[in-house]
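The next part holds the structures, each set out as structure tokens.
One chain, subunit A, appears in both complexes that follow, with subunit B as partner in the first and subunit C in the second.
Let's look at the complex of A and B:
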């Protein structure tokens, strides 16, 4: 109920939706917007005009949500793409953003430069760059500079300025 | 023409300089103030818009990720800007997202479109926050607008500048004035000295080559011209005086000469009259002797002569008598020239009537009728004017005697200057072609055989009337009678000659 009330305050227009769908929509919007505050290393994309791919693990509804959201969106010259991540296909089909819908991220690979966003109420887990938290009915997020550094990602200061519970790197 | 206050040129120039300076300063100041106000307002608005833009950009993540706390923190940064009174960030839907100072209600409930305006003594700016063509929200900023303070400071500076400028202008104009006005004052001094002393030999000194220098030249030329004219005038005055003197001298000489000539003429005239008198007088004795002896011859020896002899003796006697009368008349005429006029008031009516009666008796002309109208009296010599009446009346009786109804008419006409007396008859008259001869001595228009007379009478009349300062004339036609006029002045002039 608290969640619903928070959503009603934040985005009253979607009050007709179910609470889960509304929250999902906000998170999807955040995922798309995060892209703008992140700088990937040169090797993160397969080509100059390769699309920016957002992978979703464990939430097909979120995939659909994202797909409808990024139809006309561009990141620079790149198109957006959203797909469900199944099993271990990340090695063959890399993504630039990975949303892990349930549970902390269990990395099998620490290397690839991708923004890993988790949705763990208890806080940032290892291997996650950003983590959604809901506080006072608002969707907020935590950020780990340590993880970003490890993945050779640069997080924009704008993103950091609104992040809760900013975890700095070892330096 | 504009009257500039001030009695001297220096004062007027000072007024001109001050007025010009003040006018220039005021216009400049006004232009600067207007320009500055506009510039200041624009700059202030631009600054505030920039400020709002920066705020918007800084709040983009907060708006993007729906984080009012972050937005509030961004607004908190405005503390460094004391001119900013209040600020707010609105969501795209118009709800207040964050405010500054935190929790204030002094911000608009709803955002407005982009724009900046002055509200009283504050500037208000609304600015959309746009990110990738997406409106994220609106920033509102209200700042203290220090125009009045700025204007006060500005005017104070302008006032100071103005006072200093005026002081410098006054100093410079006094200094420049001397250079401009000194030559003018020099001319003015010379002009005043000349009008006081009338000394036209003074000259103004030329110190400049500008218009004042030209003025000095013109002034000096004029003075030279005045001096020259005055000299010319004096010369011509002198020569005029000399000419006048010469003329006067000439006049005096001329008068003297006239007087001398007149005296000579009078003397000559007198001599001639004396001569003619003595000649006439001397002629009388032989003529009387001829008359007397012819009478004695007729009485004593008449029987010895035949009828023809006696007739011829009669002719000798008659002609001698006639000659005697001629001589008498000549003597009378001549005497008139020397006889003094003794003027008294005369009753001309009485004189004319008496003369007519006497002559009528003398000539035994009982048929002659007299028509006498009253005559004005006149001042004159009784004996002389009696002579006039005698001659004119005698002539009238004589020449009208052959008429069946002889009439003699005596009358007078008066005007304001003279009395004109006339004697008119209905007798033989005369040919008007010869009327200029009527009044000459021995001039006769009629044959002596027809009318007796010596031809001296009318000459006498003219002489007497002229001595009374009058005039005589006659009108007539053959066989239609004659009119003789003599005019005497009403006021008898003195000094009859």
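Let's look at the complex of A and C:
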């Protein structure tokens, strides 16, 4: 009986499987998968066993989605972490992946070595390495090699070949 | 009188059907761990298919049920007709090892009022307006979704869409990159298939091949029938970045026949689609295809063989104009040409042996926004065919979004089934004096249909749809005794079909989904007072008054899936077939990313049951167990 009562209480708060939630889940999976195709420069992590941190600006539901997705997940020897980015705490608490949920990225400095992923329907803006676009009901992404170079990130060919739109450097 | 009795069966004899058992495979099971997918696979997932489709479809003012790729995979279905059992608004009856009778809203014995399209290619044959299910197959892993619309769709889709439209839509090649190997075996059937998808630089390609074999079935009393079948198919699809798709298939198969020979069928098709978003906000789509099918059926008297070579060429376009002052207008046209070449047998013949048929049509439809949540759609298709000339298929639909997540809709429409060769050209014997002398005056059958539907998603976890319908049929096919000594095909039957159909999906918990759906049908068919039809109305309607199904899908820990379904089909009136209830179960285990094992048991609590036709001589569909391995790399 206790179990049943517990279930009944829990039911209303169980995450709804709406379209927005589905889209968020797919984007979260992308964020987790992207790291397999990125090479960070030395110094991007605070230590050899420091976790790989995915920061999220402006979408707490995405933070929860990522947190449930990265439980027990490892990137080489590193653990995964997902956290909300509030204000300008990146300087003191660096992240390796930054997801900006709303609006274009407004860089406060000139490119720490982090993968900046935006979600701007009109396309890649300045300061964004990758950008999600929803096309024909599917989540796709664009990539800026120019931005990756500025941040000293190497993007693997497996990622670039799937990108819908590839922006190369000014040269 | 023997001739009379065999006439309704002649379509079945020609349609000696055989369908196909494929082996489904892994697709993105969305309740599972998405991070096990590749970037490419993630990019190919349709968001709406994740959310359980209600969002996208809630605006469509029609009775539409969508079977997703995941639904097919979790059902364990291995053939297209078996996958169609998932649609609560279809009647699917397995006639033998590989032949099926499939319809919506009744008329299953006539087998001629459903329009089935595979990526836009029309599958019904102009020989008798039905689908030779054994000749049609698809790699089920590559099916993105199957849209099943019950009710008429003639305005948009053309003639034959009288009681329903089935749209089988395969995935774009971008969604089937990499390699897939699958194989399975069970107590009644076996299959193997492979697919490979590659990047061409300016587009994406996939190629596939599959082969299947079905064992013979037995009668209810245990005696053997000769209906075993094997079949192979291969095909490809290329989607170029500039908006053009080219796809094609070839197939070949054989089916055992009662007279100890085998019938054979083979064919191929090539289809190209060009889709272009116009600068003014409109959209233009053009499609053309060529479809050849060849059929050889050993006939009586032995050793004669009935042969058919049917070539179909079809070209169509549709232009969606940009919205203008609350009006959204679409228009389009289609031209279809069939060249039917027959080698008849002496006992029964389609005359002339060779016949060229054409269909040419234009349609226009306007969706007018009358208010913030009220839409009126009016449309008409004018179609010209070789037998009866011009036919009009109008429809009028009103839809009202009573709440953000609820839709009330109503439709009045007229659908038309234009004559097939069976209706006009059938003679027996092949030379005079004839006992059956064609149907020189056969005209199109029509259905005037009224529908009222309600669809809602009251919470994020619950959605449902209910539709009430009334069809008034006129000029249905009958066979008339003329002057007391020969028969002609005519239109002396009429009738009505009324009923309700509905379904609901409830995501009870994130890892547990329940589905229930069913149809209640009341069909009344009559012969006109001056009809001399000796076979009665059974030749058209042999449908269950009610059917329902319940399905449960669990996602268990350790990547294990558990699915159950219970399906009940009411008794058929004539020929009498008792009601049956089939219970199916499937366990699937994703051992590691890319490797899935599953076992499905069908008809678990019933050794065998007849689903259609003669209870004494028909196939008793047995209990089956099927093991399957799917490997993606």
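The criterion applied here is as follows: the second predicted complex is superposed on the first by the 153 of 171 C-alpha atoms of A that agree within 3 Å, B and C clash if a C-alpha of one lies under 4 Å from a C-alpha of the other, contacts with A are read in each partner's own complex, and residues count from 1 in each chain.
In this section, contacts are C-beta pairs under 8 Å (C-beta built on N, C-alpha and C of every residue); 3 or more make two chains touch, one makes a residue touch a chain.
Everything quoted here is computed from the prediction, not taken from an experiment.
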item	value
Partner chain(s) touched by A:159 [first = subunit B, second = subunit C, both, neither]	both
Touching partner for A:22 - first (subunit B), second (subunit C), both, neither	second
First, second, both or neither for A:93, with subunit B first and subunit C second	neither
Partner chain(s) touched by A:139 [first = subunit B, second = subunit C, both, neither]	both
Partner chain in contact with A:37 - subunit B first, subunit C second, else both or neither	both
Chain touching more of subunit A, residue-wise (subunit B, subunit C)	C
Subunit B versus subunit C as contact partner of A:168, first or second or both or neither	neither
Partner chain(s) touched by A:69 [first = subunit B, second = subunit C, both, neither]	second
Overlap of the subunit B and subunit C footprints on subunit A, listed as residue numbers	26, 30, 33, 37, 138-141, 158-159, 161-162
Of all residues in subunit A, those that touch subunit C in their complex	7, 11, 14-19, 21-23, 25-26, 28-30, 32-34, 37, 69, 73, 134, 136-141, 158-159, 161-162
Of all residues in subunit B, those that touch subunit A in their complex	60-62, 64-67, 70, 73, 132
Complex interface listing, subunit A residues touching subunit B	10, 26, 30, 33, 36-37, 138-141, 156, 158-159, 161-162
Of subunit C, residues touching subunit A in the complex	30, 34-35, 37-40, 42-48, 50-52, 55-56, 199, 459-461, 507, 509-510
